[in-house]
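In what comes next, chain A is part of two complexes: it sits with chain B in the first one and with chain C in the second one.
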Partner chain A sequence: MPNEKTYYSLEADQHLVCHKCGVHLIKGNAVFEYLDNAFPVELPICPQCGFIYVPEELAMGRVLSVEKVLEDK
Partner chain B sequence: MTDHFKERSTRDYHQKQLFSKEDLERRESLCTHEDPPFCNAACPLKLDVKAMLAAVTDGDFAKGRSLLEFISPFPEILAWGCDAPCRKVCRRSEIEESVNIPAVERAIMQHSVVPKAKGLLKLRKKQRLAVFGSSLFTLALAADMASKKYPVTLYTEAEDENDLLRRCVDLPEEILERQKPLLKKADLKICYATEIDRAFLESEEKNYDLICGAEYLKIEEVDPVTLCDTENRVFPHAAKKYSPILQSFFDARRAAVSLERIVQRLDPHNSRPQEGETESHLFTNLSYIPSEEAVIENGVYSREEAIREASRCIQCECVECFRGCAYLRAFKRYPRLLTREIYNNTGIIMGDHMMNKALNSCSLCGQCTVTCPNGYDMADICRAARENMVDTRKMSLAVHEFALLDMLFSNNEGFLAKKQPGYDTCHYVYFPGCQANGIAPDTVYETYRDLMNRKEGGVALMLGCCSVIAKWAGRRELYEEQISFLKEEMHKLGDPVIIAGCPTCRSTLREHFPEVIGLWDVLEEIGLPEEHQTLAKEVMIHDACSARNDVATQYAVRRIVTSLGGNVKEGAWSKDRTACCGYGGLVSYVNKDVATEMSEECVKEDPDATYVTYCMACRDRLKRQGTDAVHFSELVYGVSADDSPGLSQKRKNRKQLKEKLLQEIWEEEIMEEKPSFTYELSEEVRQKMEDRMILESDLLETIQAYRENQMAVFNEADGTLTSQHRIGNVSFWIRFTEADDHYTILSVYSHRMTVRTR
Partner chain C sequence: MSVRLYPAESVCPVCLKKIKTAITVGNDGFIHMEKACPKHGFFDTLIWEGDVISYLSWGDEDVEGNAPKTAIPAEKGCPHDCGLCTSHQSEGCCVLLELTKRCNLNCPVCFASAGNGTDLPLDEIVRQYDWLMAHGGPYNIQLSGGEPTMRDDLDEIIRLGRERGFTYFQLNTNGLRIAEEENYASRLKEMGVSCVFLQFDGCRDEIYTALRGKELFETKCQAIDACAKADLPVVLVPVIAPDINEDDIGEIIQFALQRHPHVRGVHFQPLSYFGRCEVPARELAEKCCESAQTQWRITIPRMLKKIEEQTNGLLKAYDFHGGGAESPYCSFHAAVRVQSDGSLKILKKRSRSCCCPQPSSEAMNFVSQQWGNEDPDFPETESDVSSLDLFLKQAINDTFTISGMLFQDAWNLDLKRLRRCYICEADSERGMVPFCAYNLTDTNGKALYRK
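Let's turn to the complex of A and B:
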C-alpha cells in the first residue's frame, strides 16, 4: 500500500534501541486497529523483531481520544 | 475470558425501539418543566409575564415594553383596561396578595419611551385591507395588519385622531395623548369623517382584497373561532369573556390570524396557534418562597416601586429534580428533554451517539422519582437505554469493562462460600457484599465472627458480588449468568436465609431469593455486642439510595445508631429523598466529575457533620471527599475500614480477607504464590495507575511477560526500558529500570487499540 494515507508519523528517537535485538529503532509502517477501524501510522519499530513502540504521550493523548470517539460511533 | 468480553464494533444495523411512541409520550408528559407559567397560560394574548417581570426586576423597562408591544399595538391602553386573568392565577396569591401585573405594565409604559428603531425590514405585502369602523377592535386590527406590512385603509366617521381615540376607549386624555405617536408611527391610511353606510361599504369593498366589516354589515353568523362570515370578512364577536379592552385586542389578534390564512388561500380554521387561555400543569414549590409585601399603587408606580413589585414574582418553574440531583444539573437538561435525547440516541445506526455519556452517568438511584411531583423515573429510562444499546451492540465494552471484570474477580478469585464450622446445615448465610469485602475486610471478619457466635441456627459465609454491576451496566445475559451462579452456590449451602450486609445486595438478591434480611435487622434482634463503640454526639445519617422507600431499614439503622449513643439529626435530604454517593449505576467509572459532585451533594447540608452510613460504598466515597463518614458496623464492632483503598487495594483486601477466613476459621492451609521478582512504585505512579484504572496485577503480568520474552525498548539517553503486554482488550505499557530481579516502575499507561506492522 505505497500510497496509503498516514494518520500519524513519529520519528524514531536516535536513543531508542530494541532491548532484545540490540539494534536502533527506525521509523516504520504500522497500523492501529480498534472496533473495525484501521489507521495507518508511522512509528518507531525494531527492524529485526518488529517491536512497535507506542510512547506514553501518544497512548494517553491521540490514541485515547480517538478510542473515545470510536466507542460512541 | 467469556464471550461477554469480546470487543466488537458498535456500528451495527440491529435496532430495537426503546419505547413505543405512546410510552415515550406518557413518560415525557410527567415532566412539566416546559409547561408555561399560569399567568402566561391564562393570558389570551400570551404575554410572557414571567420574562416581563424579570426584566423590570433587572431595571430593564425597555425590554418589558418590547414584550408588551409584541402582543399589542397599543400596550398602554391594554395596561389600563385589562381585567388581568393572569393575576387571578398568580401562584403568589396562595401565600399573600398576587403580583399586581397590570400596575407594573402601566409603570413600564410610563417609564419607558417609544423605541426609535423600526425593527426588521419587512417586504410590503400586495393584498390590501379595508377596515370600516371606529372601535378599539377595528383600530387594533388595522394597526396589527399594518405592522405586518399589509396596505391598510381605515375608514372612520371620527373627525380627527382625538375623536377616533375617544370613540375607541374611555380613558383619560393624557393617556390618549400618548397614543397619538403610536397612531402616527403605524403605517396606516386613515380616512377621517367618512360617512359609512352599507352602500358605501359595498361600493368600496371591491377595491380591496380583505375586509373588516365591523358593525356596518348585518351578519347572520360569525364563526366564533375565526371571526369570519361566510364571505371571509372579519367581524368582532358578540361573546364577551374578558373586559371590553382585552376582548377587543384578543378579537383583533384572532381576526388578523384569519386574514393571514385567507391571504395564504387557506381555510381560516387552518394552522391556528393556541388561542385564548390554555392549560398548564407546571409545578411550583411554594415552600421555598419567602413572603413579600405587595407595593400599593398610588397613581402609577415609580420606577423603584415597579421594580419592587415585579421582584415579588416567584418566576414559577419546576426544578424539583434539579435540587437534589447532581447528574441532571451536570447535563443541564430536565427529564423531558433528556428522555427525548436518550431515546433518539438509541435509534442512531450510523453516527455519533452524543448521549452515551449522559445515559451512563445516571446513578440509577431513583431520587427524581421521589422529588418529582409526578414521579418521573429517569433511572428506569437510563437503565432501559443501556440494556437496549447492549442488546443492539451499540454500547462499547470499554465503558463498563473494568467494573464488570471487578465483579467477576469478586465471584472468582475473591469468592468464598462456606458453612459455619461444625454445622451440617446453616439456617443463615452472611453476604457482606463486594464493597465491604474490599473496603473494610477487618470489619467484615469481626462481623462474621460475631454472627457465628451469637446468631443461632448456624451462619454460613458467602464472599462475592450480588451481580448488580452487570445489571447497572445493562448486561442482562451476564447478570442472569451471575445470578444463576449465586443460586447454585446458595443451593450448595442449603438455601439459607441471606443476611445482607449491604442494602444494594439486599434489594438485588431479594428479586431472586426467597428470604433476604439486613445485618441491621439481625443486630436489632440479637442486640449490640459488648465491645461496641459509643457515639456521644450529634450525627447525620446518609441513607443508602438502595434503601429508598424501605422505611423499615431506614428506621432500624437509626435505632442502632441511637443505641450506640448517637443523637440523630435529620436533614431535608435524608430517608427517601437521599442522593446517591456516586458509586451507584457505575457513574464513578464513567464520569468521575459527576460522581464527585454526587458525593458533595450528599453532605451539602452540613459538610462538617459526622455522617453514619449503612452502605460501605457510601462510607468510602464520602470519606474520600474529606467528610467524617463512618459505617455503622465499624462502630458496632470497633474495627475501622481501610482508609480510602485504591482499586488494586480493594482487590487485594478481598483476596486477603478470603485467605484470612480460610486460615483462621476453617483452618485451611493457604499456598502463597510469591512472584520471583520484586518491584517498587512511587506514590505518583500509584496515583497514575488509579486514574488510568490500571491494576497492580496488570503491572505484575506485564513484568512477568517481559521477563519471559525480553521484548522492550531501551532508551540510551536515560537508561530506562519500556515494555508492553496485552491482557484481554487492553495493552499495558510500563517504563522501568531493572537491577537483577528488582524493578523500579517509572510510569504505567495503556490503550485499547491494537497495533501491528504493515
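Let's turn to the complex of A and C:
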C-alpha cells in the first residue's frame, strides 16, 4: 500500500474535518499569492492549525487558468 | 531540378482525381507541391516561401488528430467521402450555416454562392442543428451566406439554435446593414450574436473597389463604431490579395489595435483560388513558372514577413505559431496583451507538453472566449472566488489576437491537411463537410460539393 498522507476527512454529512486537529473546517478568508499577484478567496480552513482546503475543481479550473495567464503559457 | 522531400496526396486541379504528389524543394529554395495527372499533366505549386528547416520546424508539434465522434464509412477516398468519414482526424469545432444565397455585394473574390438567390428554409436549419447535436455537437456556429444579414429572422434562427444547446453564434458579415440601419447592432446583441466576423480588407477605398466592387472604408468604420456602441465584439477579417493590399497589413493591425478591446483581433485570409475567384490558371499551372507562383501565391512565411516589416518589428515572425487542433500548415496565430499603459506584451506560444493534439473542444473554447468575449465556463462554487473570476475576465479582455487561415484550393490541396480540418460547412445531404473540400472547385469552376 502506498503511504498516502491524509490532511482531511469527509464526514457522512459532507462536513470536512481536519485530520490533524479533528475539528470541522470553517469558511474563512485565504489569499492565493503568485508572481506578485494576490487573490483573496473564501475557502474551508481549520480554525486551529490554519490548514486550507482547496477543492480540486477550483485548483484545476480557475487557479490553473490564472496560473497560465500569469506565466503567459 | 527540385529535390523531393516526402510523398503527399493531392488532386488534379482539372479533374479533381487523386494523383501522385510530392512535397519538394524547388530551384528557388522554397517548398513546392509537385503532382502529375496521367491525363492533364504536371503541376507545380509554391506552398512555403521559406527554407526546408523553417518548413519542417513549423510542423514540429504536428501529430495525428482526434477522430470525429460519429463518422460515415470511407469508400472512395479523400476528398470524395466527406461527411465526415472514418478517415477524418478532427472532431470539428466551427460549423458554417449558409443561411442565404442572397447578398448585397457581388465581390469578384467570393467563395460562396451569392447574389439573388434563395434562403435556407427555417425547418431545414432546424434539421441541420438537430443533425449537428446528434453528431458531436454543440459546435461554434458561424451564421454565414451569402450575406446573413439579408434575412430578417436571425433572431429566430439563433433562438432555435440556443434551444438545442448551441451557445456561440458568430456572424460572418460584410457589415453593410450594421453600418446603415440604426440600432441594428444592438438588435444583433439582443438576439444573442456572440461576435461579428467583419469582412475588412484595409483602410483605403481602392482596396474595396478592387476586391468588393465599390468604395466601403467609411461603411466599415461605421459598422465597427455601431458594434462598439452595442458592446458587440468584432474580429476584422481581411482577404489579402497579391498586388492589392499586401502592403496594408501593418495598417490594418494598427487600426484594429486602436479599437481594442471591442475589436478582439484580426484574422487574415490570404486569397485562395476557388469559387468566384478567377485564377490566372494557365500561369499557375505552367511548370517552372516561378515568377507566376510568387506573384499569385501568399504563403505563411510571406504573411509573417510582411507583418514583421509593416508593424516595424512590433510583431516578429517568430512570435507566431501554427494551429494545434488543425494542421499547423493551415494557420498562424499570435496573441498580445494590451497592458494598462497601452504597451503591448507578446504572449508566448503555449507549448503542448504531451504528444496529444489540442482537442477541438479547446479550440472551440478559445474562439468563444477570445473572440466572443464570453466568460470562462467554470463549475459553480459555494465559496467566494470573485477575485479569480475578475482577473480572468480582465485577462481575456486585454488579449488581442493576430491570426490567419490559408484555405486550400485545387492547386495546393494537401489531403493530410484536409483530414485535420475542423471548420465544416453544414450540408443537408452530407452533414459536416470540411470547408476546403466543400469549396473546392476545378479549373472550370465546377465544385466538388457546393451546389
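Assume the second predicted complex is superposed on the first by the 58 of 73 C-alpha atoms of A that agree within 3 Å, B and C clash if a C-alpha of one lies under 4 Å from a C-alpha of the other, contacts with A are read in each partner's own complex, and residues count from 1 in each chain.
What we mean here is this: a contact is a pair of C-beta atoms (placed from the backbone, for glycine too) under 8 Å apart; a residue touches a chain by one contact, two chains touch by 3 or more.
No experiment lies behind these values; they were computed from the predicted model shown.
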item: Partner chain in contact with A:Leu43 - chain B first, chain C second, else both or neither; value: both
item: Chain B or chain C, by number of chain A residues touched; value: B
item: First (chain B), second (chain C), both or neither touched by A:Gly28; value: first
item: Which of chain B and chain C A:Leu64 touches, first, second, both or neither; value: first
item: Which of chain B and chain C A:Glu56 touches, first, second, both or neither; value: first
item: Overlapping contact positions on chain A, where the chain C interface meets the chain B interface; value: 32, 37, 40, 43-44, 63, 66, 69, 72-73
item: Contact set on chain A toward chain C in their complex; value: 27, 32, 37, 39-44, 55, 57-58, 61-63, 65-66, 68-69, 72-73
item: Contact set on chain C toward chain A in their complex; value: 345, 347-348, 350-351, 376, 378-379, 381, 383-385, 387-389, 391-392, 395
item: Touching residues (chain side chain B, partner chain A) in the complex; value: 7-11, 350-354, 356-357, 396, 398-399, 692, 709-718, 721-724, 731, 733, 735, 747, 749-758
item: Complex contacts: residues of chain A adjacent to chain B; value: 1, 13, 15-20, 25, 28-37, 40, 43-46, 49-54, 56, 59-60, 63-64, 66-67, 69-73
